[in-house]
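Each structure below appears as structure tokens.
One chain, chain A, appears in both complexes that follow, with chain B as partner in the first and chain C in the second.
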Partner chain A sequence: MASAPAVAAKGDTRRRLGWAPYALLAPSLVYLAVFFALPMVNAFGLAFQSEAGGYSLEPVRRMLGDGRFGDALRTTLLLVVIIVPIQFAVAMSMALVVNARLRGTDLWLYIFALPLGISELAAGIVWFSIFTEQGWLNSFLTQLGVLDRPFIFLNYQRPVLLILTIVVAEAWRATSIIMVILVAGLQGIPRDYLEAADVFGATPWQRVRHVILPLLRPSIRVALILRTILAFQVFATVIALAGSATNVLAGEAYRWYQNLRDARVAAAYATLILILSVASTVLFLLLLPTEEDRSA
Partner chain B sequence: MSTVEQGQSAVPARSPGRPNHNPAARRRRQVRALTYLAAVLLSLFVLVPIYLVTVTAFTPQEVSYDFPKPLVPGTVSAETVRFFAGSTGVLPALWRSVVVAALTLVLSTLLGAPAGYALARYAFRGKSAYGLLILSTRAFPIVILSIPLAVTFITWGIYDTTYSVALMHTALALPFTVLITSSIFVSVPRELEEAARTLGCTPLGAFVKVVLPLALPGLAAAAIFTFVLSWNEVFAAVILTLRQRTLPALVLAALNTSPLPFRFAAAWFMLAPSLVVIFIIRRYLLGLWGRVAR
Partner chain C sequence: MGGRWPYGLTSVSLTRRQALQLAAGAAALGLTGCAPSAREATEEQSEGSLVLISTQFQPVQEAEKMRSAVLAEFGRKVEFLGEEQGPFEDRIRAEAQAGKGSVAVIGGQHGDLVGLAADGLLTDLSDLTQELSGRGFNPDYLELAKVGGDAPVYIPWAQASYLMVARKEAVGLLPQGADVDSLTYDQLAAWGQRIQQEQGSRRLGFPAGEMGLLHRFFQGHSYPSFTGALNTQFASAGAERMWQWMRDAWALANPQSTGYAFMQEPLQAGEVWVAWDHQARLIEALRASADDFVAFPSPTGPEGLGFMPVLTGLAIPKTAPDPDGAKDLIRYLTDPKQTATVARELGFFPPTATQQLPEDLDAGIRAEADAIAAQSTSQDAVASLLPVGLRDQSNPYNDVFRTTFDGIVLKDGDIGPVLAAKAKELQSVLDAVKAPCWQPDPESSGTCKVG
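Coming up: the complex of A and B.
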């Protein structure tokens, strides 16, 4: 982190303004040190702090011993495992549709990108209005004669159904970010490759499987990493749809901080999310090496 | 999903080399039709929920409890939205959300754009280390850092202020701003800047007179996106405030106790500006995110 200023001392004699880039970088470095690196260290500090301020495993122990911990961890991991592949499939479909250069490409791109600006909380409420007992889905199904009376989708006694509604809401809200990254990646693939595949009689599926996916790997990797990290922080969508019936890690961090007034246990949850995020990033980097990594 | 079709539009279906009865051409047309179908279905998935929440927000409160609901509203009324806007604390929270987002935009641009410029224009030692540092922030759930930050802000005496939320949101947006601005500055030809220098401009003068006007549309798009990032953020906002709630924080904290029409109007209020913003910056979306991914 401090490598840039350290190097600055040696200077760059090729340019008269050798110090200029360091002066330009310094504000952002200082800011990230104070508001990014420091809180990260503090999160670990708080998670391993006793009431008196000394070192202690007590916050971690309280987190692990809490009745809702296991449930929160399981639900969060389950959500990540379900949401990320579904979103990837939907985003890939959207990206291929955009890249197919149909009439009105700009319009399709705009529509698919719309949720990019929609917040987690708003998305949660939107889908709450659909899934709630007197909501739109029940309204449609009764009008169509499929149901006699409203079915309670958001029932705390049906945790699987609750998780599925969260998956749908998250898929609706956060697919566009993956889509945009994939479209940008697709546009970087030379048309010649695709035309060559065509000349040799590749079916559309073969073209996706053997030409597009391998060439798109760097974009896919970035999209998956970004999305997985965001999925570990899933929070407002869950609260809007399931209230306190479904526990997730970020929700527990919020509960311990806000309702139980224990910042140390909340920090333990934050640290756990941090560790899971970094671990998932490393996993993706190992599972999806790019050509650059291989040759290095 | 195998409804893929690419690079065909350049070749008209009835070009001499590819007659109509050609099975390959027919298959291509089928694939194209399926692609249109996929485009329509995916669009419906995105648009229908937005339509439904808009209908709900503009239905009078009594009617909004009707069941089953009519798909096309019988009466359109701003009553529910007015009720939401008139509820205690909503307008001040709305204002705070705007202030926080504006502060975030200004701070992250002031701190991030110079770094972006340095990355784009200078070769210097430590450049790749800095780039790696910025990229690696993506591996961290920055929002979660608001818990230790809340503790710090209490000791600093700035807990529960709009500034503290803006400071957190700036940390969230800054790596993004650095990457985006650097790619925007890269796209401004270096030769133009050098020509201005040769003609007697100072480095600052060349930047202000030549680079800035060319980079401005991209910078504006990036800034608008930063605004939305902050406008939408709820976890940090609800952790870092008690009384000085932003709009999403206020809505979240009151979620379990508020009547349904309040929630639906709130969702519409939070969602509507985003739709406009995405429309304004639609031409830059690919550039913005494509560059981040590189």
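Coming up: the complex of A and C.
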């Protein structure tokens, strides 16, 4: 609970600023409303619409009854569960390296951030050229003498391997976005805390565990939410690496809209992705409360 | 506090951090909620420029060749836009509804134009057809261009087909008694088997990737070859034999085939030694090293050599902003000089009755042209049309074939039950648009009945 003088002070600030903050917020709010909220609401409506335009559960029923639904849901959840923790661990290490202010920190940051500039599909194609039968990885391994003939990684009969290649490609492509958020968070941690920890003889691991991680919690939360939501939308990497051998929710939404020309079932898939995204967001908010949340 | 999250939009007392979370969340959620339909061309209709949208030559390199090589010498600026069949039709329909259009000319396969023609959205091109009669168009194509009516609604633009290409080293491994120019389906499988035995790898290849054209293999090649028909024999005994063949052949195909879209790439890389695909998706292999590859006709089955010629045409929507300019553009594009450029650059041939190919044609394109000529003039050829009259159901129609393949071949389902279930799906697709049968199925009085 905030105390009474604090509330009064807040009121003063509001009066002094007048309408200015709202005017500054307005453009982005309008943008979000028109380009995100409105299509979202429309898609939600479409997912529960009959062909005639009335309310109906038919699109949802068709989605659930589709032969590829189970596979798509399973693969998507599997990818999220594998990708997010791996990326988080790697991004955290990368962020600590960058933040350690070693010689050439800037160079590390640029190298780490490189995949950020590459589109999902382009990244998928790059990794396809690595994993394909006559690709870079096989050439490398056969030249080293590890393999005597190329090994087929992208084999529909080895779904686990196929998923691992997608995990590797996704980890390479999207780890840096988490890293950037974490680096920003790390740089906001006052050095006094770390110096205090040093004074009390903390080991590097203790510093990470008891000083950095707790103070980094808000950034970690944002990074995890963002990455999880994006992982639910994974699409182009899967298409590029696995083609028709595996399917994910976003791919099914595309297939129903583009190939099967049924925007309603596509919207049902989009709505499912939305629900999963919101659920994971709520989960992260509950699991990782900040100090502010606790005091509120 | 966590529970307040969904109401964040209405709350004004956000901390900066909350606002950041909200923006990130909303941005990501918005992406999932947004239907992927926002690919509208926004270029202004500037004075003197014409908009040409086409379901053909969509891939980036092909579109670039259209712009830089084919359209370059037309006196006016042309905005060339490649578009998928669905959005392509949607756009013309939307312009017709609005009563005002920006698209001058549309290019598509016969099947892409049928639906628009049936709804009376395309201009009668009798006068232009008459005027261009000296171009030597195949009379069958001019008949097709009437789309079942009295007047032609498009002008033939280019033709193409599907064929097979193999690496030279595979030819030495042909099974005994097999001739590459008159292969049977069984010999093709035996060939794959022998390559596997000698090389230790599965070297047949099919374009079974998400963007591949495997469904056309079933529709235009394997079904007609095994059954002499398509929809009317979808679940017949001949069809069961065909799927059994497919299952056997797939076991000899590179398991990466589920990712292949254009077979030219795995052929060039040596991942695949023998492949079937659309001529435009094989041409780069032949063009890069015609000496290393052979092009040859599709195989022959118990009912003949099924093959699917693809006719593309140019039409003018009734809402076209500048009909005279549009006609000029069609005159230009169907001129032998431009159709030769299309053959040279894009690997689609002129839609003429006799093979009219430029002298200076690349050896690879020449090889394809010869194989296709052999295919279409073969004694037991069974020509199929691309699906006709399916309108917005053409992708769902293709999807039935793809999911049948998934069910029987990838998931190893029992052929009979899978075909029985898929036959029902196929029938409901045909029923949805009341599509009559098309070649090679016999003519039907009403909606085509799946057999």
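By our rule, the second predicted complex is superposed on the first by the 263 of 296 C-alpha atoms of A that agree within 3 Å, B and C clash if a C-alpha of one lies under 4 Å from a C-alpha of the other, contacts with A are read in each partner's own complex, and residues count from 1 in each chain.
Here is the rule we use: contacts are C-beta pairs under 8 Å (C-beta built on N, C-alpha and C of every residue); 3 or more make two chains touch, one makes a residue touch a chain.
These numbers come from a predicted model, not from an experiment.
Peer 1: Would you mind checking whether chain B and chain C clash or fit side by side on chain A after the superposition?
Peer 2: clash
Peer 1: For A:L260 in the superposed arrangement: first (chain B), second (chain C), both or neither?
Peer 2: After superposing on A, A:L260 lies in contact with chain C but is clear of chain B.
Peer 1: Pick one for A:D198: touches chain B only (first), chain C only (second), both, or neither.
Peer 2: In the superposition, A:D198 contacts chain B only.
Peer 1: Classify the contacts of A:L241 with the two partner chains as first (chain B alone), second (chain C alone), both, or neither.
Peer 2: second
Peer 1: Looking at chain A, does chain C or chain B touch more of its residues?
Peer 2: In the superposed model, B touches more residues of chain A.
Peer 1: Pick one for A:F128: touches chain B only (first), chain C only (second), both, or neither.
Peer 2: Both partners, chain B and chain C.
Peer 1: Answer with first, second, both or neither: which of chain B and chain C does A:I86 touch in the superposed model?
Peer 2: neither
Peer 1: Between chain B (first) and chain C (second), which does A:N155 come into contact with in this model arrangement: first, second, both, or neither?
Peer 2: Second partner only, chain C.
Peer 1: So, does A:L164 touch the first partner chain B, the second partner chain C, both, or neither?
Peer 2: A:L164 contacts neither chain B nor chain C.
Peer 1: I'd like to know which partner A:W108 touches here: chain B for first, chain C for second, both or neither.
Peer 2: The first partner, chain B, only.
Peer 1: Can A:L78 be said to touch chain B (first), chain C (second), both, or neither?
Peer 2: Once the two structures are laid over each other on A, A:L78 reaches no partner at all.
Peer 1: Flag for me the stretch of chain B that overlaps chain C after superposition; candidates: 95-103, 131-139, 221-229 or 275-283.
Peer 2: Comparing the options 95-103, 131-139, 221-229 or 275-283, the clashing one for chain B against chain C is 131-139.
Peer 1: Let me check the overlay on chain A: which residues of chain A are in contact with chain B and also with chain C?
Peer 2: Residues 22, 28, 32, 35-36, 39-40, 42-43, 46, 128, 132, 134, 218, 222, 225-226, 229, 232-233, 239-240, 243-244, 250, 253-254, 257-258, 263, 266-267, 270, 273-274, 277-278, 281 of chain A touch both chain B and chain C.
Peer 1: Chain C touches which residues of chain A in the complex?
Peer 2: Its residues touching chain C are 22, 28, 32, 35-37, 39-44, 46, 67-68, 128, 132-134, 149, 152, 154-157, 218, 221-222, 225-226, 229-230, 232-233, 239-245, 250-251, 253-255, 257-261, 263, 266-267, 270-271, 273-274, 277-278, 281-282, 285-286, 289-290, 292-293, 296.
Peer 1: What part of chain B is in contact with chain A in the complex they form?
Peer 2: Contact set of chain B toward chain A: 1-7, 9, 31-32, 35-36, 38-39, 42-43, 45-47, 49-50, 52-53, 56, 65, 67-69, 110-112, 114-115, 117-118, 121-127, 129-130, 133, 137-152, 167-168, 170-171, 174-175, 178, 203, 228, 231-235, 238-239, 248, 251-252, 255-256, 260, 263-264, 266-267, 270-271, 273-275, 277-279, 282, 285-294.
Peer 1: Once bound in the complex, which stretches of chain C touch chain A?
Peer 2: 1-3, 5-6, 9, 12, 15, 17, 20-21, 23-37, 84, 86, 200-201, 208-212, 254-256, 258-261, 269-271, 392-393, 395-396, 398-399, 402-403, 406-407, 410
Peer 1: If you look only at chain A, which of its residues touch chain B in the complex?
Peer 2: It is residues 1, 3-4, 6-8, 10, 12, 14-15, 17-18, 20-22, 24-25, 27-29, 31-32, 35-36, 38-40, 42-43, 45-46, 89-90, 92-94, 96-97, 99-102, 106, 108-122, 125-130, 132, 134, 136, 138-140, 142-143, 150, 172, 177, 180-181, 183-185, 187-188, 191, 194-195, 198, 203-205, 207-208, 218-219, 222-223, 225-226, 229, 232-233, 235-236, 239-240, 243-244, 250, 253-254, 257-258, 263, 266-267, 269-270, 273-274, 277-278, 281 of chain A that touch chain B.
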